[in-house]
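Worksheet: one structure, shown below.
Per-chain residue numbering starts at 1, and chain names A, B, C and D are given in the order in which the chains are listed.
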Amino acid sequence: MALDAQKEAEIDALRAESQETRRATVPALEALLYKPLPVLDHGFIRVIDYMGDDPGIVQAARVSYGRGTKQVSNDKALINYLMRRHHTSPFEMCEIKLHVKLPIFVARQWIRHRTANVNEYSARYSVLDREFYVPDRKFMKLMQVERQQQSNQAGLFGALDAATPEHTAQQSTTNKQGREAVLESEAAAQVLRNIKRVSESSFTAYEKLLGEDGEGGVEGFGIARELARMVLPLNTYTQWYWKIDLHNLLHFTRLRADGHAQYEIRAYADRLIEILQAWVPLTYAAFANYRKDAAVLSSNAQELLRRHLAGDTNVTFSDVGMTKREWLELVTLFPALDKTANT
Amino acid sequence: MALDAQKEAEIDALRAESQETRRATVPALEALLYKPLPVLDHGFIRVIDYMGDDPGIVQAARVSYGRGTKQVSNDKALINYLMRRHHTSPFEMCEIKLHVKLPIFVARQWIRHRTANVNEYSARYSVLDREFYVPDRKFMKLMQVERQQQSNQAGLFGALDAATPEHTAQQSTTNKQGREAVLESEAAAQVLRNIKRVSESSFTAYEKLLGEDGEGGVEGFGIARELARMVLPLNTYTQWYWKIDLHNLLHFTRLRADGHAQYEIRAYADRLIEILQAWVPLTYAAFANYRKDAAVLSSNAQELLRRHLAGDTNVTFSDVGMTKREWLELVTLFPALDKTANT
Amino acid sequence: MALDAQKEAEIDALRAESQETRRATVPALEALLYKPLPVLDHGFIRVIDYMGDDPGIVQAARVSYGRGTKQVSNDKALINYLMRRHHTSPFEMCEIKLHVKLPIFVARQWIRHRTANVNEYSARYSVLDREFYVPDRKFMKLMQVERQQQSNQAGLFGALDAATPEHTAQQSTTNKQGREAVLESEAAAQVLRNIKRVSESSFTAYEKLLGEDGEGGVEGFGIARELARMVLPLNTYTQWYWKIDLHNLLHFTRLRADGHAQYEIRAYADRLIEILQAWVPLTYAAFANYRKDAAVLSSNAQELLRRHLAGDTNVTFSDVGMTKREWLELVTLFPALDKTANT
Amino acid sequence: MALDAQKEAEIDALRAESQETRRATVPALEALLYKPLPVLDHGFIRVIDYMGDDPGIVQAARVSYGRGTKQVSNDKALINYLMRRHHTSPFEMCEIKLHVKLPIFVARQWIRHRTANVNEYSARYSVLDREFYVPDRKFMKLMQVERQQQSNQAGLFGALDAATPEHTAQQSTTNKQGREAVLESEAAAQVLRNIKRVSESSFTAYEKLLGEDGEGGVEGFGIARELARMVLPLNTYTQWYWKIDLHNLLHFTRLRADGHAQYEIRAYADRLIEILQAWVPLTYAAFANYRKDAAVLSSNAQELLRRHLAGDTNVTFSDVGMTKREWLELVTLFPALDKTANT
């Protein structure tokens, strides 16, 4: 990611300014303000504005006249309590506004979160820059592993077949090794060349349809921007202003920093986590412990664990109505269970 | 509205603090920050925090790297354009957080606006102060007029009768005078005494159920706060933190500052307008012109007006499918139409 | 709850009608349609309309042309999968519309859920019936227990004191017994008499302000309905049409059927569960197992459990950063842990 | 749009089924149920399910026990009243579920409406069909006209220049003619050939990346579906289940059937209007008169009109603070004003 000189000057000008305010202010987040934090090959996240901080959450929870409690330890205990007991509304009292540059296929996943405000750069009214995403070669292996996980779900969402999820999961485990091997060699480079080539040629077609550059010689058609854009590929970069409250940002982060999320959106979620840690450290810590890194144990799984802890190590997952897949996830969480594993 | 010394001290402490920030800052709104702006007899609105300003709306609309345009005249033209053409998302990019104290029956109207975040002071966990709303005598006449307007609608929402809205409207116009006359004299004072008396006795019952003061002699039952509160009247004051984006705040204000809204919530809407004028003067002016004080002309009404302007002053409201009530509203807007009025 | 003859006739007429439809239809829910299911002393829930069923969720998840899968076992496996992995959008594809009659203080908790559509009977335009909620005597003991739990939280939300949640929790455990004893005897009856008396006298004041009955002798003031209502107590019954999608209804049910919710709203949540079981039995079963009766284990709690399962039964809650309250909740879930308990 | 035999059979099977229901049923909409209504070259809208009807809106507005009023004329009057006075919540009580197939660039505009539920066919887990949108030649001229209107706004949203909206509007009026002339001849055909060619070659690249067909000879890379899709163009067709309440559907229709909306999404909005007319004819008529075809007159425009109607035909748009663009729009509405036009 590299900005042109004018944009850099505009950002520098913003960062040089400073005003007096009576509002709650977070120095660690002020330090990040307006700076583009790079993501993927041409993307970024910029923090444009924010409202509220950790003590402000306490203040809202208590509907108080003054500022939070006097002691950080009290703030921390209350924030932990609110997070643990799903009192979400105080976390909705903080808000953040970001400028994000991201590939369109990532933007399409992102926008599924409806509880946010969005202003996207308009390809209807403006010409898009010739910028598109090409995966980094070192992630290609990782992506192959994920491909298998996803193909398990194809049946469910696309054309549900007779196979149970458990069954297809095993299949993919088997042939995963082979594919990885292939891709680590020459194939990865070929894939990247293909992506680049087709993206370049789509952009060339876009520019010809627009005919914007047609003045100097290149012939162009001059059709409407809103129409010309239809040939652009889904890895074209777009950008938007995106504003969201803290509760919903945490929820977004939990879903998108998750191992099941596509690598590209996870890269953005990881940046969001850095921003959260600078902005609301107490809340982020509570979120990590009680939500992001928490495990949801189904009623059935509790039963199995209860019997194990009480000494009944012969109980099997099917005894309590769990599927094998659920059992495997539970064993990942508590490896000691494996000693007594069973199919 | 009078706060106790401790609350005043907490507010003063907040107002005395000042921090450096790189964020957009609005001096006129900073001047109001944390101060309780009185509403009704014991209510208030306090601005606790805000995010964004007029240039920030332009910045979001343009998804720009720097701050808005260089000239206020450009900002103003663009904001007018966005407002006029219903481009609402840039206005969603500003946010405000308020601390509001208000009677419960007003709170129940207020909460109908769902696109906001709320943290209410909990009568489940806390004991409410002995504070309730009693109308001001000088508004009693006004309220009588409104009573008639509302009773027109009773049939619609309660038990729809054969009468058309137009019909009942006329009825109420007739007997309005009589009732006003009555209420201006002794009756108003009696009404207020009644409201006070029954409110006082409900609060006494509440306190007895709680038994919180029971230590020193007054016998109390010590039942749960969440239960005791059920005898409190709807004019009891509650309070909450309320956070909303600018677009939705404008929408709220338009509905609640309207002549059809109940007087008590209008009093709050009027304060919100003062806050809006301090915060985003360009946006508020655009909103007043294109939305709040704008008129929506139905297709039928346009047809009538079109024919009038073309010289056909004999056209009647029923010719174009308008109801009489719609015609009367149109005449209020354009009194010159009345010359050629017809029933 | 008893309806007058006219309302019963209207309901009977609706239930007698029947139409042909190509839409997905659920016989078990059709059987309940329009019938008031009693809740509390005068409240009810009536199912007015619904859209979608279990196979419809599968159909939406697969964006399919036909109806779900052919086999119920496949539908069940997919619904379990969607619930477990938090794929919420297919559950949003079902919708239900209810007519609910409920005390105002319950309505105020209920309305906090914003992702629903509401049409409330208007006390601005209509006169409310003389109906108010009085708790059932057999629940008074239960309520006392809850009162203690709630008072722990008073400090947090009202006026946070030095006491930690754990500390006040112990206090209340101590003096709980005493209070219960008192209330089981004569006190409960007195409390109920008090609630009845003050509610009756508030309704009398309301009617006098309205003057609606003034014709026959009782003197009344004839003030606006929107004003007169302000003296009504919070246990007055109101009613509304309430429409919500299945995902949000499950979420509502989880929060409101929870042991921490106030008894009165739990009574409604229990009815909602009966409706859910009739409407979408597969979804409800998945919800119960993976959500409602599931346990969220914090990262810290997982660490403790992991070490326990691996044989390290000396690990204490403070070793892994848990609070005592969290530890006590974990022991409730897994009583075998208690053998090795520690403070 | 042509479906394969299996899909047609699934749809026929659904249409052949019929159940008894006590729910409100709309025969005109039942007739459309499940049928794909064609839009653009490969798209469609299918009505999958619905809830509520015109009388149901009345029923909700009155929070009634029985079904609406007895007479259609009363229902109509009340629905008109609700629409005119912006009582939106009764319209939220109806819901509709649609299956929509649409180009991705249209889907990206569509999804901006957040108050709806969406389940999109997943290109992460499934392989997309080789189907993309190519504009119809007869719309190319129309599109050219629109291109000019949109370029006026480029400055505002992209890179705001010194020009006022009025100024650029004039510019485009000037060179519009020339461009149209060009496009009507051979150019249109060339544009379409270009769009087809680049779309075809992007799909070929997609298939090669996937390697799905690689078995029989065509070499493929076998990379993850979630990755391969990134080279697909924005005119690729996607599909989703989309569920929305009637109030928000009307709002969507108003914005997207508007002359300022892009042609492609307008084509879908026009189909939605047909569906609305079949489903809720009284509501649609009220919506057309009071909302869709209504005009919003700014405070300034009212002033101008008021003075005109009172005989002061010398008043100019700048006298009342209107821009020239606003004046031109007003003249379009009321051509008689033009007699006295002024610049």
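Here, contacts are C-beta pairs under 8 Å (C-beta built on N, C-alpha and C of every residue); 3 or more make two chains touch, one makes a residue touch a chain.
A quick map from chain label to UniProt name: A, B, C, D = Flavin-dependent thymidylate synthase.
This one's a predicted model, so the numbers in the text were calculated from it and none came from an experiment.
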Let me spell it out: compute each chain's centre from its C-alpha atoms, then which one is farthest from subunit B's centre? A
Subunit A and subunit B are the same sequence; what rotation (0 to 180°, nearest 5) superposes their CA atoms? 180
Cα centroid separation between subunit A and subunit B, in whole Å? 39
When the centre of a chain is set as the mean of its C-alpha atoms, what distance in Å lies between subunit A and subunit D? 30
Subunit B and subunit D have mean C-alpha positions lying a whole-number Å distance apart equal to 33
Subunit D residues counted as touching two or more neighbouring chains: 61, 63, 112, 118, 121, 156-159
Under the stated contact criterion, what part of subunit B meets subunit A in this complex? 3, 7, 10-11, 13-15, 17-25, 30, 33-34, 48-52, 56, 59-61, 63-67, 89-90, 92-93, 95, 97, 99, 117-121, 239-241, 243, 245
Contact set on subunit D toward subunit B in their complex: 58, 61-63, 69, 74, 77-78, 80-81, 84-86, 112, 156-160, 164-165, 255, 260, 288-291, 293-300, 302, 305-306, 308-311, 321, 323, 326, 333-337
Within their complex, state which residues of subunit A touch subunit D. 103-105, 108, 111-112, 114-115, 118, 121-122, 124-127, 133, 135, 140, 143-144, 146-147, 150-151, 153-154, 156-159, 179, 182-183, 187, 190-191, 194-195, 197-199, 201-202, 205, 208-209, 221-227, 229-235, 262
